[in-house]
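Listed next: structures, encoded as structure tokens.
Below are two complexes that have subunit A in common, paired first with subunit B and then with subunit C.
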Partner chain A sequence: MTDYWRSLGELEGSPEFEAVRHREFLEGAADTPDGISRRTMLGLMGASLSLSGLAACRRPVEKIVPYVQAPEDMLPGIPQRYATTMPFRGNALGLLVVSNEGRPTKIEGNELHPATQGASNAFAQNAIYELYDPDRSRVVLQGGAEKTWADFLTYWKTLHAEHVADAGAGLAIVTEPSTSPTEARLVTLLKQRFSQARVVTWAPLGNENRQAGLRAATGAEIEPVYALDQARVILSLDGDFLQDDPDAIRMTRAYSAGRRDPAAMNRLYVAESTLSITGIAADHRLAIPSGAIAGFTLALATELGKLGVSVAGVSGGGTVFDAKWLSAVAKDLKANAGTSVIIAGAQQPPEVHAAVAALNAALGNAGKTVSYASAGTAARSRVADLQALAGDLKAGKIKTLVMLGGNPAYDAPADLDFATVAAKAANRIRVGLFVDETSAVADWHLPQAHFLESWGDARAIGGPLSVIQPLIEPLFAGHSVIEVLALLESAEEKPGYDLVRETWKPVLGGDFDKRWEKTLHDGVLAGSELAAQSLPAADMSTIAKLASFKAPQGLELVFLPSSVVYDGSASNSAWMQELPEPVSKLTWDNAALISKTDADGLGIHDGDLVTLALGDKSISAAALVLPGQAVGSVGIALGYGRTAAGRAGNGVGFNAYLLRTTKTLGFASGLTVTKAGGTHVLAVTHEHWSQEGRDIVREKDVAGHGHSAAGGHDEHDAHDAHDEHGGHGHPPLVSPWPERTYEEGPQWAMTIDLNSCVGCNACVIACQSENNIPSVGKDQVTRGREMHWIRIDRYFSGRPEAPESIVFQPVPCMHCENAPCEQVCPVAATVHGETGLNEMVYNRCIGTRYCSNNCPYKVRRFNFYNFTKDTPETLQMAYNPDVTVRARGVMEKCSYCVQRLTRATRDAKLGNRDMQDGEARTACQQACPAQAIEFGDIRDPKSRVTASKASPRRYDLLAELNSKPRTSYLSRVRNPNPELSA
Partner chain B sequence: MAQIFPERLNNLPLAVGLGAPLGLIGVVALVWYFGSPWYTQVGYQPTQPVPYSHKLHAGDMEINCRYCHAAVETSAVASIPPTQVCMNCHQLAKKDSALLQPIRDSAASQQPMEWVRVHELADYVYFNHASHVHAGVGCVECHGRIDQMEVVKQEKPLSMSWCLDCHRNPGPHLRPPDQVTNMRWAPSAAHDELSAQWISERHIKPPTDCWGCHR
Partner chain C sequence: MSARATKAVVALVLAAAAPTVLQGCMRVCSSSEPPVLINFSMFNQPKYKAQAASAFFYDGKTMRQPVAGTIARGHLHEDLALVTGMDPDGKPLATSPVATDDALLARGADRYGIYCQPCHDERGEGKGVLSERAKVPTANLLDPKFVAYSDGQIFDTITNGKGLMASYKYPLVAHDRWAIVAHVRGMQKKNAEQQQEAAK
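On to the complex of A and B.
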């Protein structure tokens, strides 16, 4: 059995970790946040009890407030679903939004939309939080004073007349990247009216380099569309396509589909600097600095050239790193020419993307595993445009600056000093969801409408067009970007609905209303996928240009998109801040991620404050030693250290934008790291809920699959975990209690396929949104009080300098048939139901926490504090009305989304029919882009979960305890290259 | 040496000795009773903004329950009618009645009516009307003879033990589905056999698991 570890503390057996692992709840977990001890608390309670006396014995009077005129097709108590679209990093995610009595409460993927195919990601789930964020801007502001929309109209009409007179000279508009046809149409109209005006698109993270690379290689404005399900060999060069790519949902789905059949499994190679979830998924990973990827790519091209792939113009060179690795990858790519694919990360320079496009063409992959679609009319971020604008602002050439969305004052490259130069414009108008850093620069701030509040449209990667349909009237009288653009252009107000329909009239043609309604209903315009173009003769000479990249010397700093707050736009979401970053398991912070070797060399430990200096700029940040980080590379997530994000995001983490310049948007060399003295508390969750080294993650090689132990990591026979015995040499298991039989009704069960799971976190947030789970804050997380009902454990094996294998394992409640928690509850607050669920009854629970102590899987969460008491009114609107909001002092845990099961069972019964397999789905299952979770009735021999449970890879956690969990796992299968594993 | 305690306190130990246990028993009894299923809101009869008479509408005029409580067959809630439903009739009938002024105001101003909830369950109870109606539990079983009430009051305890009485033995409370809203329906002599037949035909198996109602 391989030894797995989750943190360096665990591996080294540090005293801190030893202290943590022996306790169910961390030391001090029972203390109140302001440090009042239990004893003081009891004293205070005694006093207040005698004071409260016998006040208020009667129940409060409750009012029922019906509609005046009921909306059509709507019955109270029955949620509705509407299709809409979320604009997402230059992609469009088709969503199905659940609305309860007019309140959008839950996001699901739209099965008809190619970008989501029914799944979603953490950011899409978070849209609900963002919509109801209590810190959203609510009023029009001028110079900080409250104004009305009418005031702004008057103001703009005067300014508009001035700009009509000077043809827009001195008018500049900064927008966010967008694929909206309506926005493109309005920008065209605007440029017609103001011929001198400039429209600049900016986002701190984007695919500008990829676009530029493809332009260099082919001369065309195209974007790649990957078909990973067709790929047998995938090589990612510093590209986290399972997490950061705008198309990650679709790519994850396709990637996981390619790993489902162990006999025909894809193989993933990753060369990257900072460990990513893609790197964790990899069969072979090479940790090299981001700055070395260009050299590595050249070496790969050279190697491929030797194998007979026509890479004209390449005459050796490049940095080899591991010759064996390189030759194995090259051979595999060549052997699978036409069914292989190379993907480069967004932070890599255009030359790498051009070379990758050329290599894909040379390998015959173009048109097969990667096709190219026209980039269309999309507005894309261009740093050169922003740089030019900053220059003109500085020179005083810009009179009116309009900033539509985004947050350039915070996230523009540091050398542009955007906040300072923007202030030089006489008229500064800002439209934003929040009064943030950029609003502080602006004179006028206008509240922006959220996408769930406004009409719009968007185009997904590869072409699918869809409409953004509002779910709710703007909560704070906001206006959408297209409405503001129309106003800027014509000085007249036009409703977004009319603007979008005007764009779509020529698109839909005859029978407009009928086709419009069908598009709204389906959430995507049928047949709108652009015809994929095959690569127009890639220019092979681009590969040789990589020779100009020098192998990096010294340390480099890599600017990473945060997996939780992205570029800082999700900073004020307590859901996202508290979501453990998938790889480091860090919450409520970012950190300078550094390799064990470098950290040892510099004498740095977790939580030490370090100074990161690049040239004349430096910031202070906490360091975190990350196993698998490339030596010579330090990674830091962007999007932290905000000063005007709101109550959740202010002052969280360290602002890496201060080091990022126009020349070093991806990574920068010449970094110096020095200890700054002092430490910073990092709320890392990977030591919480320790499994004490028990055998709970299992993986095998393809070669060992289906055989007993040959060639595999795992010495257990695949079948032994769920037979009568607890494993090899274990006596038969008997229950000390009479065991219950489950012979009627649906018997719910779940399987989680570790081979599909990529650890992306979509399930965690989907569960949080569905089940009204509170966020508890950094201080509480450090005390081990995070409340997530499903956690994703991440296990390393091997040396921390170069982990052999890393596995993700999502752990919800196991719903044991012989549940240990039930045996110890003194008040029967956790009991078993007829459908096999382990039921947690909040109104019975008295908070002894015995159940949690006795749970071998550590899945129970206790409300140490009244986390939901001060929930702002707007956020209360996000609550799922079908789930109780828990108060202080009660235990809670995964319920298999019992409210969904009840609804599905009842709907079938009301319809006098049998429930179909797949009708009852849990929130985690529905959100999962990898389809790693199966759920259903194990009494139904034809259900998908029954089939999944019959898999030879299936095992149950700690089966030797005879707890008979209903949640089972399918072991991970690796597909190593025999050349490398030997 | 002066006495610390005056003579009038001589009976204090006795008073405390007798009073304290009695007081304690009193507190226990109060908590025992008020926290128990015997303490219910039976008889709760709040005043509504409009003195709507179920006796007149449902009783004398025999308007079906579902005309106003339209969601009762499909949703968890029976639904209180929108103002518009009242106005469907009352823009013609009794259109000048002073008692109906709040309804007319609501329709004119588009401000909803605020009715007082009579049958109130705890927030952690997820009762579903549709399931019960579908199973053939009559309205009268939980709400009493609404058709005879001038002002609606709570007639049944609505306590958990009362719910469970029926969930454990649903037979006596069942009726043919088309008689659910009939307040005057009475079981026949052969009800036991009939109800046993309904239970098997309609797959009636009321949950007694906690998560059947609480979650």
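On to the complex of A and C.
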């Protein structure tokens, strides 16, 4: 029997937790933020009502404003889809963007593009918010004064002539990593014009170590392309490949595909410091500090050598940690040589990446589970270049500094003091989406065009080439990076469309226009996937070099990419800030993640302010005790503590960049943690909505041994859903009223496969974008008022120092056939539809919240305030026109994306045909990279959802209540190594 | 009951009745102002809708033009003749590139009924409501001049308009325009048969 718990508070039965577990709405949830009680509020409202009169109560006049010149093939109200590409951390995500009358409103994956295969992630979904962010920079600024692009052009022409004269000796350009062929072409042109000019590429999370490691092992500029669907055994060394890898969407898809068949499942081992979603997915996880990974890799190589894998030059050494674990992993890797793979995390030093490449080659995995592709013309981040530039800036050698995108003044290593040295350049030009920390350093700020507003191109990992199609003309007269580069090079304005087409002419060759149009339409150039090169003779001696790494002493600090704001670039998105970080469930903050053992030793509790000191630098941050955190390791997410992000991102969290130096980009040893005194409120969502220890998540291992909260009866799993008794000695389930039969039309239903779900959050943001869900802010989240229609619960079991197993469970509305919420609504605002949907009629709702109290799944959300009342004009464009924007006092919840179902039904009817399975897809299902969600008509015996519901792993949540949910779950299956599970 | 209490009750009753009275007034009082709403109840939502006004864009429209040169999914015109009605030399196609079958004719009749009939009337004689009441000169599609038109010419007229007739490429996708061409041909054929019948 396994006891699941979701927080340390629950496990220990802390008084705070006991106080909230029995409440549907947290203490004070009905109070206003500034402490006015409900009664006072009613009094105030009565007063203002009598004073205001009726002048403002007239129905607003709406004008119909049609097209004057209507575009062909477009009907108002019928959305179009455009294929485009999102440049993403040195990768390119092929997207299909929904456009309502020429305004992009929703991001979906492009099923023709290999990097997304129809799925997406939270960052891609967030592109809509970023495009319409009301804080985006709107005008050209010179020293804070409003200017125009023409003014800048005049200014640049003078500088251009000067730099032509000195061959660009005093000119430096800082760009972001890019795989755009057009950008590469323009940089080459620029270097021809200004032969002495410096072009430096910098991103704080640039994956540089992996590139350097592969260079050391093979001598080639290559990048790995993993084929995880071919892998039977996967070992991740401090690598969160399901979340942080640039190629995470494709890797998640392949990883989940390898777990679909319980009879032939892959096995995942993870050794990591901070618990990640990859660690949660693991069959076996070993919590060790990031600084110990090098030693562990050496010990693994030694162990593999003993088993007969040829690892020349390795003569023992390394840190073993858990001999049984190491031996089991090594045996498994050896037994599956050729179908195993080792992946190292981006924060690990180049030596680890080189050794991993050598080990993959030694195991015969190269060319099978991992192949290598040429990096081509990609501009990749190099910290050494930035360091050299900072030195030259300090020495006054740089006259003109151009900062194209990125935010180096905020995220450059602290020892470079970039903001200060950049100010030494006489001319400082900055192109950016926001007037941010870097703009403060510049004298010219130029608004950058968003990728949804500009023409461009990009190459995905492994080679696929695609064009970036704009969805809308620039909202704020922005120019794209390629347009600015062309302007810098030639001192003339050139449209991006022409620049991209010029690059593509030699690529496409004859019949250009036809092939160009086909590429735009499909969103990827057919046949552009380069033949992946196999590993050119990995240098085995790189493994032995790991011996130079000493076992870490004392505490270390690991700099983690934030799963929600990444490096800080998504900081100003209220969607992303309010998205619970998948593991800690923390919103609107980052925290120093610390193990229970270390926290107990230091006397630290959740929310305590601590001082993190590394050498002479220190910051203050809130601590959060994270189960599964390696002892001796403290993790902190980058991207917080911004000062010029905008209204959502300013002053949120703690800036860890202040401790990060050129030498310690991944992690730093020698950390001291001291209590700083005082506490900080952390808005953590995971203690709300307790499930009272019932049988909510179920898992078993491939051999059939089950774990479930109630325990010991998983052999009933298969029947639960179908029997009349709700399982387990429950009296027969009898409904007090005649039950409805559903015999006509489509009957919608959903299944969620807990074995596929990795908890990546893509569905949550997809749902928020599709259904106009408001963000409510940190204060409201601490009161339990977050509005997400689908939440991802995660349950721990075992000891907090080393959780045995952790399971994610996405929970949308269950759409019960016998819905308890419907029985208690006094105004019939929630009713049952013909197609089995539990529907909300917003206009009828008077906000009694009875329904929410009676919902056993706690999936209903209440608008305590008019969260949407002051929606900025630009964000109004981001709303889905097909979905009501709810007002105060209205209950809302998952609708199974009823607007999508209606559209699919209507399209089929207009086309005079039957609806096909898969035609109606919910936003969460569409976005899921793991394909964990099936949705469709259960009256159709051939539909995928019917097949999924017939799975022996299927169970319904709280089936004993006879609510008959339409949403079912498939239990989690673990594939433990028998050697370790004993 | 004391006088004070009575007053309180009366005030309460009046207060309770006020919304009903107002609601009643909203229905029956004549006014040039828009009706009074006590509860807006999401009547006016802060979102951009089709055919609505925008305070942000310079032209006051929420609806934007697609960026020139972009191609939406499903709108790649690999066969140019199908969307222009012209051959590669720019001459109208003699016959429709879409094969005529019952489904196409049914679609054509349906679209014709919506978009063409108000002017050209049910038989195609140009005696629709608009020409009858507003005296708009309308082409008689059964006229030998139009019978002699090639399919491509009729398609081009629907696509780009002619004289007072507006362009219909916006509400009608290319396939629907070819369906209407087929329907017009059907009407002309039926008319010719009827005239032959009458001549006998």
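Going forward, the second predicted complex is superposed on the first by the 958 of 982 C-alpha atoms of A that agree within 3 Å, B and C clash if a C-alpha of one lies under 4 Å from a C-alpha of the other, contacts with A are read in each partner's own complex, and residues count from 1 in each chain.
The rule is simple: contacts are C-beta pairs under 8 Å (C-beta built on N, C-alpha and C of every residue); 3 or more make two chains touch, one makes a residue touch a chain.
Predicted, not measured: the structure shown is a model, and the values here were computed from it.
Asks: Please determine, from the superposition on subunit A, whether subunit B and subunit C clash or fit.
Replies: clash
Asks: Of the partners subunit B and subunit C, which touch A:Val65 in the superposed model: first, second, both, neither?
Replies: So A:Val65 meets both subunit B and subunit C here.
Asks: Touching A:Ala150 in the superposition: subunit B (first), subunit C (second), both, neither?
Replies: A:Ala150 contacts neither subunit B nor subunit C.
Asks: Figure out whether A:Thr884 sits in contact with subunit B (first) or subunit C (second), or with both, or with neither.
Replies: A:Thr884 sits against subunit B and subunit C alike.
Asks: Specify the partner with more touching residues on subunit A, choosing between subunit B and subunit C.
Replies: For subunit A, the partner with the higher number of touched residues is C.
Asks: Between subunit B and subunit C, whom does A:Val734 touch in the aligned arrangement: first, second, both, or neither?
Replies: neither
Asks: Between subunit B (first) and subunit C (second), which, if any, makes contact with A:Val831: first, second, both or neither?
Replies: first
Asks: Regarding the shared-chain residue A:Ala263, is it in contact with subunit B (first), subunit C (second), both, or neither?
Replies: The answer is neither, since A:Ala263 touches no partner chain.
Asks: Answer with first, second, both or neither: which of subunit B and subunit C does A:Gln876 touch in the superposed model?
Replies: Touch partner of A:Gln876: subunit C, not subunit B.
Asks: Where does A:Asn843 make contact in the superposed view: on subunit B (first), on subunit C (second), on both, or on neither?
Replies: both
Asks: Should A:Arg906 be classified as contacting the first partner (subunit B), the second (subunit C), both, or neither?
Replies: first
Asks: Considering only the stretches 58-66, 112-120, 148-156 or 184-192 of subunit C, report the one that runs into subunit B.
Replies: That would be 112-120, the only stretch with clashing C-alpha atoms.
Asks: Which subunit A residues lie in the overlap of the subunit B contact set and the subunit C contact set?
Replies: Of subunit A, residues 57, 59, 61-67, 69-70, 75-77, 842-843, 884 contact subunit B in one complex and subunit C in the other.
Asks: Which of the residues in subunit A come into contact with subunit C in the complex?
Replies: Contacts found on subunit A: 54, 57-67, 69-77, 80-83, 96, 99-103, 469-473, 497, 514, 517-518, 520-521, 772, 842-843, 868-869, 871, 873-874, 876-877, 879-881, 884-887, 890.
Asks: Over in the complex, which subunit C residues touch subunit A? Could you list them?
Replies: So the residues of subunit C in touch with subunit A come to 22, 33-38, 40-56, 60-76, 78, 169-171, 173.
Asks: For subunit B, which residues are in contact with subunit A within the complex?
Replies: Going through subunit B, the ones touching subunit A are 34, 41, 46, 70-71, 74-77, 79-84, 106-107, 110-117, 120, 122-124, 126, 128, 130-131, 134, 203, 205, 207, 209-212, 214-215.
Asks: Can you check the complex and tell me which residues of subunit A touch subunit B?
Replies: For subunit A paired with subunit B, touching residues are 57, 59, 61-70, 75-78, 744-745, 831, 833-835, 837, 839, 841-844, 882-884, 895, 898-899, 902, 906, 909-910.
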